[in-house]
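Per-chain residue numbering starts at 1, and chain names A, B, C, D, E and F are given in the order in which the chains are listed.
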């Protein structure tokens, strides 16, 4: 069997050896969510997994399986739960999954963990999951696990954003199914993107509040919050390159690698 | 974009169209668990996913993302939580995940669901998850979802088992990382099997009770509960063929397809 | 006051003395569930309690009160929740009960515990309950509790089964309200059995999957899954004798008594 | 089979018939708790069960199995969790048990329920359990269940208390393992009382607050909060007679029987 | 900035200094609940907060923010959830709030805590909250927190009650929105009392059981369970004086101040 | 009694009348958290309460009691849980509180609700709480509650921010205990601010990831994340004026007032 950066592709003795060597372990958090009429719904699984794979290779680490169902989509950042195909967990459920995986990994000896989030709404319940996991581990006598938790899209150079958005970056929350994600998918899974279906009903103009029940027309009917036209694999490469370089740097710095 | 049997590879409008057509939806339940020194730890993800993929193709259905972290391994059926790499959820967490996914799918219009379990210990918390999901949907006014729930390995012909085990089938519980699973992996992901590492410390001889804490030597040190030698891709093909044929039949019968 | 094997029939100083002597403590898990038109609904309480009483006498142990409400009945093993009188708990509730009782006993000094299950569906949530209980006790600084967990019906000799089923044993799952349970009830509480009401609509022929909602006619209308005719107190005596002998043996072996 | 007031001693068709006749169903709540050096620990199971049995006979009702593990003992009313043998559940666990049993009974058609509490500390989590059970039933479309919830000891005539306590009744909270309970046990299970062991370290003199951790000497070392000397079966009969008469009256009035 | 007895009015360094000095910390538990047609709904917030403020001044302690939403009102002690304005939490929610606040304070170094309850129904879920909080703290290695838990109204002199109720005290449970609470509000927040609206439909005559659903006319329509006429600020002063004196005494005694 | 915008200062009949008139109800969410060495820890209670009070007056609405304990502080936005005095709830606890209050208000007839958050970290668990509350209400048959959910600081004019931050706005996350909050406190509760203690160790320079355990020096030791010098009551007035005007506008628009 070939070596693999994906933990689930290893035998248990191979995994055990890696854990004894204290390699960093990457835990990608995704979801299954509408990403416009031009793109598949696995975007938030594909992207953080790909980032983790590349960074793990850089630092000799491992990637554990990606969570495929995340926290509920919010209208102002992901179109909301009203869209067909968006399939989500309650916050408590999601936090318990993160807690249990972290506890399980900690009990097995993992001491350097990087939680890499790929779905905006996962951010906060994953913070809670990490806190609960570490709290439980401490009660089980394991008090020396080191954790980083991050959103991969925060690791991008100013210059890259400027190159991508000559008219100004609309901000992370609106970047749902838009230029960044579409470009990265064109790089990684071009067969799951159909640029001819890119809608033009964005960018979204949201008020500064949530509204329940979500009114008709609260966001673009397409589910694309900003704009996706102009997406290219090359732009995806710029982004991926930044993500991998900057996260690799941060991981090396934090874990003294 | 090509059509895909995997729901997460569709756009939301494509998914919506399938749901309106009331196609059966398959929900595979796996885990990440040691499967001996000769095989990767994703066996319980790979196998039910592959079964679902094939059956879904037969009936025009869809496969939603496979749960990658399942219920805790028990020593008498999976080697137990003591093995490196086995990464698991508490029963309540697992049941809540199943509940939430079913509720989410039901709210989106799915009315024919087949829960396909690929990890022995998931059986019971998945029963609970289905019950909780349907109870919640009924309270939300959705009372007509039809669900089948099955373990894929129960769909095998007597003749096939006789062919595979001329000396008698040791039973489902001991079939962990053994002939059946190894043969299926040789068929599907041969690069994740190393037959030269197949251990010979089985079959396990368990008492008729659980013991806490798990005593040293309670099961084979390899984690392989029965025997894996003699596994071949051909035998995997026999099994897969049965699984797909018989589950397809059952689904068609139950859903009147 | 006479000595009693039932902990709840002792005073607290008497109980304290037994715990200080580190006697084994037996914890029977039952439920209240239909057992056919010929038998009372307390079968799963009466049987494990009786087994525990006899084994506890053999080893100088104690029996704590039997749980009277267990996990939900499943159609393929107990007729399902649709039957009148079947009164059940959610899995999480049941596991929390088991957890709390174990934690409470552990805090009081019990170090040798035997969980004796008498209701098929309790098996898995009781596994979870034991795990949760021991996890909490460890966090409370109590790390030396020894636990066995068993289904009493697994302690029977091959020869006895052969004597009882000359045509072959139909298997544990179908043995609901059937020959084994009816014979044991005839031995223990004959006034709660009416052999003239034994139905003949079994044995059940279930498919290899669960179905929700349970279709009409999924199992025998009587709730008896196999056959109960031919049940006698004598056969109950054969079974009880095996259960008590083999469990006594196992407990002595595991606890070094 | 003889008819029985205990639901678990009926077959399911017999139970079904009673439910169709809308008979009142009694649900006793007990616990396993120290009751002094002179009495067994099943007092809070024996007493409410006996009360329910008698009232149910009066009104043609049924008694479902008694909960044997109740909410945690509090020092000022039951001696506290520090006593050997007191075996208890967390409040949430206890409330969930009550919720689940009520939901289960409601789904089966029970529409007149009397929850009869026999353990002081169960009072409040049982209130919550009833509320949660009825809330869930309403969501399941069952909105016409009638419930009474009571502590059996509140059904006693002033004259009886005056006869029992010529010097004044010390109050319900201190009546733990004292005159009332001891007399009732002498009536019902005299073999579980040893009057020669009645302690004289009471009555307890508690401050008007709880204290954590419970200080040494916070209550009588015996666990008897008031006085048990002078208890007789005859006094038990006075009490039982009141309990049964007054509860029967109340049930008839509320349910129009 | 002036010193304040209210912790939330301090800066964090000021709070830190107090905690290092191990001052007693008071945690008031209230709710938002109907208190008759003559009084505002914040009675159970105002009263325990005022008591805590005065006692804390006496002993150099601090008062943390008062819980404004408590456990559900019960018809026999607070009129029940049916009244407009009564806004409440489930028992589990309330206990978790108490647990979390206690854990948070304990982790920050608080070692002397007085939980002061001002809403009858909070009593039991607050007992559970304290138990859960201390259990968690112990697991986090903090085992030396001292806690008192009390209902403020239990700290009153016999002579005062006699003065207030020449015809006999009707008892704590009926004292909802009645003489005691109204007098205390007249003392503390007279602008929130309108004596001209005091109803005369009390005192309540409840049976000795709860009834679900609450029947029409189960208690006084006004929500005042006993009588409020005759309330005066002077009587409020008698009460407050007792509460503060006796609680101060108890706190000094228990904490050796 | 005078009319009050604060619901808890009304009698229940007064509240009932307002609810029948369908006035908007405002629900402020705060916490108790360090806000630097120059300011009290009740900032996140005082500010949203004051905003709600003013907006409610504008639209004839009511303000229900402010939640005083919020979700755990995160180092990058509030200094983190390590600071003395920060007293917080787990995410699930907080969401349950929000759920229960919303359910309680909905059952009482409230149909227009504005959840006004004043603590950054409450944002996401309050989203979950609203979702859970509305889900439960729908199951209870109440499907027409209209909810807005907002962070008050998002209601500020561009021109105001430009006036306040001539060198550019550092962003919401860093605005903890800084210019905005300090100015608002100077406006509302000047006695709880001591400008002479404003620290100069900010602004914080955080990496783009969370780190557990929080490393020494991860943020400014003062707990002030940006800069607070230059804060004035006048600037507070600019802000408050914007908040009240813009939220009033939004509420009127959404509720058609």
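Methods note: a residue touches a chain if its C-beta (ideal position, glycine included) is under 8 Å from a C-beta of that chain, and two chains touch if they have at least 3 such contacts.
Because the structure is predicted, anything quoted here is derived from the model rather than measured.
Enquirer: Quickly list, by label, the chains bordering both chain C and chain D.
Expert: Both chain C and chain D are touched by B, E, going by the contact rule given at the top.
Enquirer: Need the most distant chain from chain E, centre defined as the mean of C-alpha atoms.
Expert: Looking at centroid distances, B is the chain farthest away.
Enquirer: Please compute the C-alpha centroid of chain B, do the same for chain F, then give the distance between them in whole Å.
Expert: 47
Enquirer: So how far apart, in whole Å, are chain A and chain B when each is placed at the average of its C-alpha atoms?
Expert: Computed from C-alpha means, the inter-chain centre distance equals 26 Å.
Enquirer: Quick one: report the Å distance separating chain B from chain C, using the average Cα coordinate of each chain.
Expert: That pair's centroid distance is 29 Å.
Enquirer: How many angstrom between the C-alpha centroids of chain D and chain A?
Expert: Spacing between the chain centres: roughly 54 Å.
Enquirer: What are the residues of chain C that contact at least two other chains?
Expert: Counting only residues that touch two or more other chains, chain C contributes 90, 92, 139.
Enquirer: Please give all chain pairs that are in touch with each other.
Expert: Applying the touch rule to all chain pairs gives A-B, A-C, A-E, A-F, B-C, B-D, B-F, C-D, C-E, D-E, D-F, E-F.
Enquirer: Going by the contact rule set out above, which residues of chain E touch chain A in the complex?
Expert: 139-140
Enquirer: So in the complex, which bits of chain C are touching chain D?
Expert: The contact residues of chain C facing chain D are 1-2, 4, 6-13, 15-16, 19, 32, 34-42, 45, 64-69, 81, 83-90, 92-93, 96-97, 99-101, 104-105, 107-109, 191-194, 197, 223.
Enquirer: Can you list the residues on chain C that touch chain B in the complex?
Expert: Within the complex, chain C touches chain B at residues 72, 74, 90-92, 95, 121, 123-125, 127-128, 130-132, 134, 145-151, 154-155, 207-213, 246, 250, 254.
Enquirer: Flag every residue of chain F that touches chain B in the complex, lowest number first.
Expert: 135, 138-139
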